[in-house]
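Please go over the structures that come below.
In what follows, chain A forms one complex with chain B and a second complex with chain C.
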Partner chain A sequence: MSRQDHIREFAAKALSEGRVDYFIGWKQGYNSSEMVPAFVKDPAQVDELVWNPLCHHNLVTFIKRNMPDPAGAKIGLCVKGCDSRTLVALLQEQLVDKEKLYVVGVPCDGIIDRRKLEKQFKAEIIDVAFPDKGQVVVTTAKGETKEFAQDEVLLESCKRCRYPNPLYADDTAGPLVEEPDREQAPDFSDLAEYENLCDEDKQAFLERVYSTCIRCFACIHVCPVCVCWDRCVNRSRQPEWVEQKVDTKENLFFQMIHMFHVAGRCPSCGACDRACPVEIPLYLLHRKMNKEIYDMFRFEPGVKLDEKPVFQVFDLNDPFGD
Partner chain B sequence: MAAKFLKQEDLPAFLAHLAKSARVIAPVKTDGLVQFEPWTPEKQVELEVLLAKQSPKEWVFPQTEKYLEFKYGKVMPEGSGEAVADASENAAESVPQPTVEVEVRNEAPAQVIFGLRPCDARGFTQMDQVFGGYGGFYFDPFYNARRAATTLLVVACVEPRSTCFCTAVGGCPAGREGADAIFIPVEGGFVVETLTEKGESTAAFSGLTEASEAQKAQAADMEAQAIGKVGAPFTLEGLRDHLHDNIDDPRWRDLCMRCISCGTCTYVCPSCYCFSINDELVESTGERYRVWDNCFNPIYTEETSGHNPRAEKFKRFRNRFSHKFWYYPDKYDSLLCSGCGRCIMDCPTRIDIREVLRVMGTAPETAFSQASRPTEAKAAAPTQAEGKEA
Partner chain C sequence: MADNKTTQASGAASGAAPGGGAAPAAAAPTPGLPGVSGDRPVKIVGIVCNWCSYAGADTAGVGRFRQPPNVRLVRVPCTGRIDPLFALKAFQKGADGVLISGCHPGDCHYSEGNYYARRRFELLERMVHYLGIPKERFRWTWVSASEGQRWQQVVTEFVAAVEKLGPREGRAL
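Up next is the complex of A and B:
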């Protein structure tokens, strides 16, 4: 039985038993090259739920404060490994009610980077298919097809995933995938190029990418741990910290505030990076933040349900201050 | 004016000619992202990608636009000499009076936007209504100064995307609405039609030749085949009335479940124009500016009292489509959508405006799902006049 079948079975059962008011998974978007979040209320509709390497959305964002509709609804949702870490972060802080959730964990062997695929073609991509495991076949509007190995076109975050199996789930969609070796500390060597920039170059890089920010707040809203999303300090006018004016300095300040507020709860799942319409390298910057946190506190966000969030504890034994 | 022809390899020289008398704005690809930006000769204009990430509206309606600068001061009243406030009846005249100096900023550099698509140009004509005093309403001096100083040179679309729907809203891949001149790609270059005086004078370039009959026929063929590629996913017929009747329809809540209430769709849209006005003051010097706002912002309609008529996401979602296809056409005789499809492509969860309009363009649903809120008995359907006040 495929993971997709498991998901559909779990969803149908939870809906028909009334365990949930609606079930959140993924379904096809405007064509077969885009998957989108799916909200299913009727057990007869579970066949629209899919599971494939395009299912990149972190669905945990839809259980944040003021997202469920109606408020207080019982919600079923699918989580990949990275998604489950954001859910664990919310549970650690008691920001969501476990009793209202039915979580289907989906072990994941990697999500592909559609943006990377798009840049390989001039014409519009209209179909992405997965005929065999590890195989990605892209078709464009001009009828060109090209095949890729899944490993060649993975999201950056998937290339070094340490938690491919969900860390919290009521049911699991199929067998677990092989756990990577976690004896070693997390590998942050991908940040070397950025870290090796001198201060002026780093400043120039940040200014260049943040000059394109349009302050749409997609990053804030799509982030599952950005729970103040609709009352954000970044939008406050009385008192005001970040000006509403959109310029590089204000954009950088806005993003810094967001990053510091999610620090210790963000597992760099990359949802923000994928949501950004102007392709600001948010994954890179949040990953850098997480490297600092690991170096300082040996802490990986959202891994252990009974762990306290890193900034709510004080431990004389942590490496910070050495 | 008779159709002209511009050779592909003469395009840089043409742009350089334009640049002699105006700032040239064109789509340029940087790090894989195409945006409208000021063109300089070392930049290559990107016309193979159909749409720039954002529309060119920010060049006439900037995201942040300074209205004025002001400075508070104080001045002693005349004749007071060194006197400070004393107990006499002239005390008030001895008190320093606050003053404010205001300098209005209204910049409108001459500019030519080259390489925008017909849907982009149509976005301008749609916004022209609300900013242009249509119906005796507000005339915006800032928008109109920039608009008057802008020439639009449209490049027609050869390969519409699957997300395009310009024809469903009365547009066309080679639409001329709003364009000062249109450049239709044919073999070896473009057939050029000037449509206004501005277009004619701007496009007066020595490198243009007369278009041959064959080239004109190619242009017509190109237009026809492009039109054939654009789908017709919904109908405008009866849409306004259905939006009226569907205000309380629970389908709005279903359609917006995956919306994350950000502002991406409004900021990439060629015709969304909502803005907020702020004063920023540091000690005694300040500026007043306007900045784009978006109706999905959770506090977009939050009032000073704290009341928010659109606190719920589905109300904000409903508002956006109703504004574009009902309120705005009622007031300004124009739709507020040109079918570019950017909102579909760039929405983080790919909400599809075509699906929304297709569903909500049908009669109200009488069966309510479990997750919908309890409804009051429906009042009689509002008349046109009541709809205007909504």
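Up next is the complex of A and C:
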């Protein structure tokens, strides 16, 4: 039985038993290379749920604080390894109610970077097939067919994944995948190129990258741990943290607010990177933050249910300061 | 803010030496005092807690310890109130340096505010450098109410270090 069949079965069972009011999974989107979140309310509809390496959406974002709609609804949802860490981060702060959730964990073999795939073709992609494990076959409108190994087109964050299996789940769709070696410290070598720039070049780089930001709030809306979505200081006029002016300075500060507000809770799931319509490398900020947090506290966000995010607790023996 | 040196000096003095009256910093800038060379004097935002560092600055003023007039103090109830974004906002608005100071660990007026704060400041310090702001432009430390001398030393050292880099040019952050 494939993982997809497991997901459908779990969803149908939970819906028909009344365990959940609706179930959130993934379904085929309007483009063949895009999956979209699916909200299934009827057991008869579960056949629209899919699971394949294009299901990149972090569905935890739909249940973040005050989100359950209607209030008090019982919700079922699918989580991948990285998604489950954001869910654990919310549970650590009691921002979601465990009792009202039904979580189907989906062990993940890595997600395909849709943009990377689309950039390889001039014509529109009309079909993406996965005939064998680790194999991707793409067909375009011009009849061109190309085969990829899944590893070639993986998301950057998946290449360094430490938790491919869900850390919190009521049911698991299929067998667990092989765990990477977690004895070693996380690999942050993707930041080295930026880190090695001189101060002047870093600023110039940030200015160049953030000049394109349109402040569409997509990064904030999809962020599962950015929980004050309804009272965001980025929208505040008093105090005015970010001005309305279209300006690189404001754009950068907008992102600084997001970064510092998710410090210690963001497990770098990469949802913001994938949502950004102008492809700003947001991972440079949140992964750096996680690198420093790991260096300071040996802490990885959203891993243990009984831990508190590092910035909400303290230790008398913290070695910081002079 | 006026670029007039006298205005700046008195403005800084009124912050650095609350109630200190005739603090030395209020006098006209003395040649050789750090912080008054270059194109314009460097502007430094100091964010200090009400109970220790602000009082420490007061002690320095009352004790007439000579210190450079480049620091504008912002008084907050506790270092636990200081959002890392305060420092970034100061840089964004053109500060040449940011100095954060509060009670020594264990001495917090609210018992534990600075324990939370130091975790944040450590991350902030690392991120500030990562964002391309030179190390010398940001400092956080502890100064108690009785340590007027230490306050003088911290401010003098910090201003000298920032002065060495000079005023910042218009940058994104």
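FYI, the second predicted complex is superposed on the first by the 313 of 322 C-alpha atoms of A that agree within 3 Å, B and C clash if a C-alpha of one lies under 4 Å from a C-alpha of the other, contacts with A are read in each partner's own complex, and residues count from 1 in each chain.
One rule holds for everything that comes next: contacts are C-beta pairs under 8 Å (C-beta built on N, C-alpha and C of every residue); 3 or more make two chains touch, one makes a residue touch a chain.
Please read all numbers here as calculations on a predicted model, not as lab measurements.
Asker: With both complexes overlaid on chain A, does A:V136 touch chain B (first), chain C (second), both or neither?
Answerer: Neither partner.
Asker: Please indicate which partner A:A218 is in contact with in the superposed arrangement: first for chain B, second for chain C, both, or neither.
Answerer: After superposing on A, A:A218 lies in contact with chain B but is clear of chain C.
Asker: First (chain B), second (chain C), both or neither: which does A:K122 touch?
Answerer: The first partner, chain B, only.
Asker: Classify the contacts of A:C158 with the two partner chains as first (chain B alone), second (chain C alone), both, or neither.
Answerer: neither
Asker: Which partner chains sit in contact with A:L49 here, chain B, chain C, both or neither? Use first/second/both/neither.
Answerer: Neither partner.
Asker: Tell me which partner A:V262 touches in the superposition: chain B (first), chain C (second), both or neither.
Answerer: In the superposition, A:V262 touches no partner, neither chain B nor chain C.
Asker: Now for A:G29: first (chain B), second (chain C), both, or neither, which partner does it touch?
Answerer: Once the two structures are laid over each other on A, A:G29 reaches chain B alone.
Asker: Is the number of chain A residues in contact higher for chain B or for chain C?
Answerer: Higher number of touched chain A residues: B.
Asker: Show me the residue ranges of chain A that touch chain B in the complex, using the header's touch definition.
Answerer: Touching chain B: residues 21-22, 29-31, 34, 36-39, 41-42, 57, 61-62, 66-67, 69-70, 73, 119, 122-124, 126, 141-142, 212, 214-218, 220-222, 229-231, 235, 237, 243-247, 274-275, 277-279 of chain A.
Asker: Which residues, counting only chain A, touch chain C once they are in their complex?
Answerer: 195, 197, 199-203, 205-207, 210, 241, 248-249, 252-253, 256-257, 259-260, 263, 288-289, 292-293, 296, 310-311, 314-316, 318, 320-322
Asker: Once bound in the complex, which stretches of chain C touch chain A?
Answerer: 83-85, 88-89, 92, 105, 112, 115-116, 118-124, 126-127, 129-134, 140-142, 171-173
Asker: Which stretch or stretches of chain B touch chain A in the complex?
Answerer: 31-33, 35, 48-50, 53-54, 63-64, 159, 161-163, 253-254, 257-258, 260-264, 267-268, 276, 278, 280, 289, 291-292, 294, 297-299, 312-314, 344, 346, 348-350, 352, 355, 369-371, 373
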